[in-house]
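What follows are several structures.
The same chain A turns up in both complexes below, where it pairs with chain B and then with chain C.
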Partner chain A sequence: MRYDLKLALLSIRRNPVLSVLIIAAIGLGIGVFMILLTAYHLLERNPLPQKSEQVYRVLVDAWDLNGEPSQGVWRSGEPPYMMTYIDAMNLMTSDVPTYHAAMFQSVMYLQPADPHPSIKRPFRVTARVTFSGFFPMFDTPFVYGGGWASASDEGPDPVVVISSETNDRLFGGADSIGNSIDLNGTLFTIVGVMDRWRPTPLFYNFMTLGLGVSPPADVFIPFHFFERMQLGNNGADMGWKRWDPGFENWLQSESTWLQFWAQLDSNEQKAQYLDFLDSYATEQKKVGRFQRPLNNRVYDVMTWIKAVTYPLNGPALVFLILGILYLFVCIINLVGMLLGKFLGRMHEVSVRRALGAPRSAIFRQHLFEVALLGLLGGLLGLGISQLVLTIIRARFDLLETLFSLDGYLLGVALGVSLLAGLVAGLLPAWRACSAAPAIYLSTE
Partner chain B sequence: MLSMSDITKIFRTELVETHALRGFNLEVAEGDFVSISGPSGSGKTTFLNIAGLLETFESGTYEMDGQDVSKLNDRERSHLRNEKIGFIFQSFNLIPDLNLFDNVDVPLRYRGFNGKERKKRIDNALELVGLSTRMKHLPSQLSGGQQQRVAIARALAGEPRFLLADEPTGNLDSEMAGQVLDLITDINRSGTTILMVTHEHDLASRAQRQVHIVDGRVTDVTTAVKPEN
Partner chain C sequence: MEIPHILKSLIHNKAAFVLLALQVAITLAVLVNALALVKRSREIIDEPNGMDSQNIIAILSIPFDPQFNEESYMQARLREDLDYLRHIPGVVNATTLNSIPGDIGSNNGIYADGRDSNTGTSAGTFSADEHTFDTLGIEIVEGRNFLPEEIFYSSWPPSDETLPQIGVITSKLAHHLFGDEPAVGKTVYAVGLKKTIIGVVDVFRGRNPILGDSQMSMFFPGYNSGKRASSTYLVRTEPGLVDPLIAEIEEKLLALNEGRDINQINPLTDNLANATGLQAYGGLVLLCISGLLVVTTALGIYGMASFAVTKRIKQIGTRRALGATRTAIVRYFFLENLLTTGTGIILGCALAIPLNVVMSDLGLGRADLMVTSWGIVFVMLVGQASVLIPAYKASLVSPAEATRCL
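Entry: the complex of A and B
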């Protein structure tokens, strides 16, 4: 092994330009492949690894008998992916889940409550309008303070959680708990400053997967301010039944637009909650709603992500296949270069054969060399992909944990580069060891 | 100890067949010094390659120490070559980017000796050819005669039974050729069997037995009186 390593290093040193070209070919192939694999991997990422199997998207089938919810990614036979206001408010009365929260995204205008040295005019912010259960259910990190108490949901109390980016902008990153901000003309007291948080994919939303490019929201306010302030929904809104114009009519409509999540810590709790949903649906049937057969579901985080990201997986898969094809092209080039490199030293191989080296030893020696070249190429490829990913992260202000090479991807990179080197090296190594030594010895 | 009987070797291309050896017969006993001479294309090098298990042959039998080598697979042939045969080539065939120590080390590596044993053998072999002080030099830093002496050291390090030499002085001037030939003669005197291909009559006359080949056949065998040690 040490002798093979010594010979491999000697061979690299003997032909540095060709060796560098080979390493570069592997490096480029691996680099491009890893960037595309990282992007693909992002879509399969678990954004809530510590409890993704306890947190569920809740779906109830409030659609009409004949139509089908055409919600883009909707798959036949499934309930609509969002929920009506009526159903969401009714489900919020359940005491089965450990935590639960209806939510949606809105747009508000924020203005510092006190004179600010640079912000003179209100600016547009994204607001997540939700319940107190949102924060403990999703384990949101905080720099200062925390989420609001459940009692504040009912008031509702004018409390707000702001993102660290908003806190940086308004308060220069200082502890702003107890300060107030003006949102759409109402003063809200800051109770929590969220730490930099990029759930990726942004699983709790519908279709807006986020991919960690921006904060999930700039501010978070108690849900019931939505009715008081008549906030608009800045997301999808789909229904099967027309309603008369007006805010109140919209609330009472069959339009689905709210996301609903619940934390169910055990199978018993889950079964109990599904019973609750079925009972609720049965009750609704009695009052003329829920015309379809019982079809209530809860999807854990990863099942939900697969359900809503599968249309994105197609293009991502295409890119991944392109990456594999590029790697394949690199391997083909590599075969040519390795053939040139190995056949160029047939004299030495023949001398070794004459001195007693069996074919297997020559084959092993050459495979060892390509494995080493493959690993060096893999390291170069990792460097290239790391550099490109760093540029992408800096360009889009992504968290370091996102769009980065984790242990799995590092393992894949080194494994693939080793495999690519070995695959490319099989034919050249075989040619090198199977040539008749006498020819090269006598012609030298 | 080395017996070739009715050996035939044909090189084939799409257009032509070349009979390199035709019914070649040769018996070599332990400790012999045999020279093989003949005109260009007579089959001298082909004979040496077959003797050294670097080439296969079409028909006939070749036994080394009573063992039929035609039935051996690559690993067994390589093992036999490594253990029993040493090669000396006209163009030395040293590996240019290995120093003398590492060049001599090559056959010992495939023999599976441990580091201590290899070092001992390399030191002895280089000492024998008078180059023990230059073991860290590269071949390119040596004269042609010195390079051939390294090749001899490499061939001897494994203590082979046979030394196969293909025009060992062909690339050397007369003074160096004399030194190398003296060394080969000394090696033979110490008991190693030598088969030397040469087209030079003076060199061939150093051997106890001179075999002349024409068109792949042995045409003449001259046996000299063995010199006194």
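Entry: the complex of A and C
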């Protein structure tokens, strides 16, 4: 084994140009493959691994009898993907779920309450307007304080949870609990500072595009401020029924624009909640609001992500196939280079054979060498892919977790490069050990 | 006359031949598909959008001052901004819409007669005033423009029954709804109300393609001024004044009213480019991959040919000694490469077809004869170029090598 390693290192050093070319060939192949695999893997990432099977997106079918919400990623037969204000507020009265929260995203302007050394003008922040259940349901991490108490869902206290980035910007990362910030002219008291939280993809905020690559909100405020401050919805809004102009009319309209999530810990709880949804829908049918057949659903996190990202599966798969084809070309190329490399030193092999080394020893020696080259190439490939992905992330201002390397990707990269080296080396190694030594010795 | 010999030698070196041909095949298949995708995305980007987009500035103003909750205050500010924008020297016209063309804006079902019919389609929907079409630079080909007295302040969507129930549609939408019949004077159902078509405009590619056909849009009269609604302005300038005016306008608008943020002010072409960005990036990724493939394959061909030359020094020497000219030696290697790449190209065409079927199913572009021919010619040339140096080296082999023992 050690002798094999010594021979391999010797051989790599003896022909540095060829060795570098070989490592570069594997490296490029693995690099390109890894970049495309990472993009593909993105669609399978679990943003809430510890409880993705207990957290559910809630959908009730409040749509028009004669039409379908045919926009974005919505698929025929499904309830609308968002919820009306009326339904969301009614569902919030249920005591079945462990936690639940209706939510939407708004754009607000933040101004420090006290004079700030560098921030003179109000700056734009994304606000998630939601209920206290949001924080425990999604296991959001906190540096200081925590989510607001459920009593604050009723008002009147203006409380706010801010992201760690907002806290860094305003307070230099210090404990800011109890301080105030001005949001659209109203003073809010900070009760919690979130730790860095990067659910990827941002599952709870999927809109028409399907791929949540933005960070969570900058500030989180209780839902009732939406009515009090008449905040606008900075997300999709789909409706089928006309309503008269005005904020109040919009609230009472059949427009769907809210996201609704609930935590259901057991199958019984889930069954109980589905029963609740069905009896709610039946009741709404009686009063003439719901018209379609009962079609209420709860989707756990991964089911929900799959439901809204399916249009990306095709393109991602095409690119993955291209990555595999490129890797294949690199392997083919490698076979050629290794053939050249090994046949070029048949003389040395022949001497070993003549001195009594069995064919298996020669074969092993060569395979060992290609395995080593493969691993070196794999490391280079990982480096290349990380470099390119970092550039892409910086260029498009994407989440740092978006293309992050995890154990799975690392394992695949090294495994595939080792395999690529071995597959490519098989034929050349076989040629090297099966040639008759006499030919190469006699020509000298 | 050399071809039979080359074939014999290729058959003798099966492994090298098959490997190179496969490599060329994959390279060609991916290259052709990449070219098809790039061509498709270029077509989408280069399609005339109907607007004078080179000379339009897009502005998004978001209010945060609580005063904007008063509708009268909001409306006064909107009027103030528009007045200012329309009177800047060098500005042709200015307007306000509910969303910037190219952005993901509003989308509604438009039905020719009754909701249940099959005549409906979804279309991009925009609010507009009497300045909108002139600002965009789109032509009214049928009917008339909105009149100042038809423009009211309203929230979005335009579902207020007390407002004029009229609209202007794009010619593509008109054709979809009414075929070749004139659309002006017909009624459509939109946002739950019956609206009369008063005008038809020429090409306007303002709807984001993610929402559907970018040429299908409808305009409703009105200033979008719901409570604390953000305002979107478009300013058409005289040619070449977009960049110099942007900084000036931003500063002036902020000075005019400090209770809002100029969240966005940029050439309209930025918004339109973002709308087609996805396709463009897909094409770029594919081009990079095929570029790498071509380089890798060229290196592979070069490596194999160099190896072949080294292995055959004695043979080449013998041929030279027997009277073969240098040109003949060079020709041999070029011909050998031509046969290998040729086989690869045939395989590659076969491989490109299933790959392209998948791609065109996804709407990523069809490979046509033109694109395929360019791909073939390119791969052919790359193959020949890759054997240039090895073939030249081979031609330098002295006839004396024949006598030497290797």
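Things worth noting here:
One rule holds for everything that comes next: the second predicted complex is superposed on the first by the 404 of 444 C-alpha atoms of A that agree within 3 Å, B and C clash if a C-alpha of one lies under 4 Å from a C-alpha of the other, contacts with A are read in each partner's own complex, and residues count from 1 in each chain.
Convention: a contact is a pair of C-beta atoms (placed from the backbone, for glycine too) under 8 Å apart; a residue touches a chain by one contact, two chains touch by 3 or more.
Note that the structure is a prediction, hence the values are computed from the model and not measured.
Judged by the touch definition given at the top, the superposed model places A:Y3 against chain B, while chain C stays out of reach.
Touch criterion not met for A:A271: it reaches neither chain B nor chain C.
Once chain A of one complex is fitted onto chain A of the other, the partner contacts of A:L387 are absent, as it touches neither chain B nor chain C. In the superposed model, A:R14 lies in contact with chain B only, and not with chain C. By the touch criterion defined above, A:A151 lies against neither chain B nor chain C after alignment on the C-alpha atoms of chain A.
Shared-chain residue A:P122: touches chain C; no touch with chain B. In the superposition on chain A, A:Y109 makes contact with chain C only, while chain B stays out of contact range. Between chain B and chain C, more residues of chain A are touched by C. Taken together, the two structures place no residue of chain A in contact with chain B in one case and with chain C in the other. Across the interface of their complex, chain C is touched by residues 21, 25, 28-29, 32, 66-67, 70-71, 107-109, 121-124, 184-186, 208-209, 230-232, 241-247, 314-315, 318-319, 321-323, 325-326, 328-330, 332-333, 335-337, 339-340, 343-344, 427, 443 of chain A.
Across the complex, chain A is touched by residues 45, 49, 52, 54-55, 74-75, 78-79, 81-83, 87, 89, 91, 93-95, 97-98, 106-107, 109-111, 154, 158, 166 of chain B. Of all residues in chain C, only 15-16, 19-20, 22-23, 26-27, 29-30, 62, 64-66, 69, 104, 107, 109, 115-116, 122, 154-155, 159-161, 191-193, 210-211, 226-230, 261, 263, 282, 285-286, 289, 292-293, 296-297, 299-300, 303-304, 306-307, 310-311, 355, 358-359, 361-362, 364, 405-406 touch chain A in the complex they form. Put simply, chain A touches chain B in their complex at residues 3, 10, 13-14, 347-348, 351-361, 436-438, 441-442, 444.
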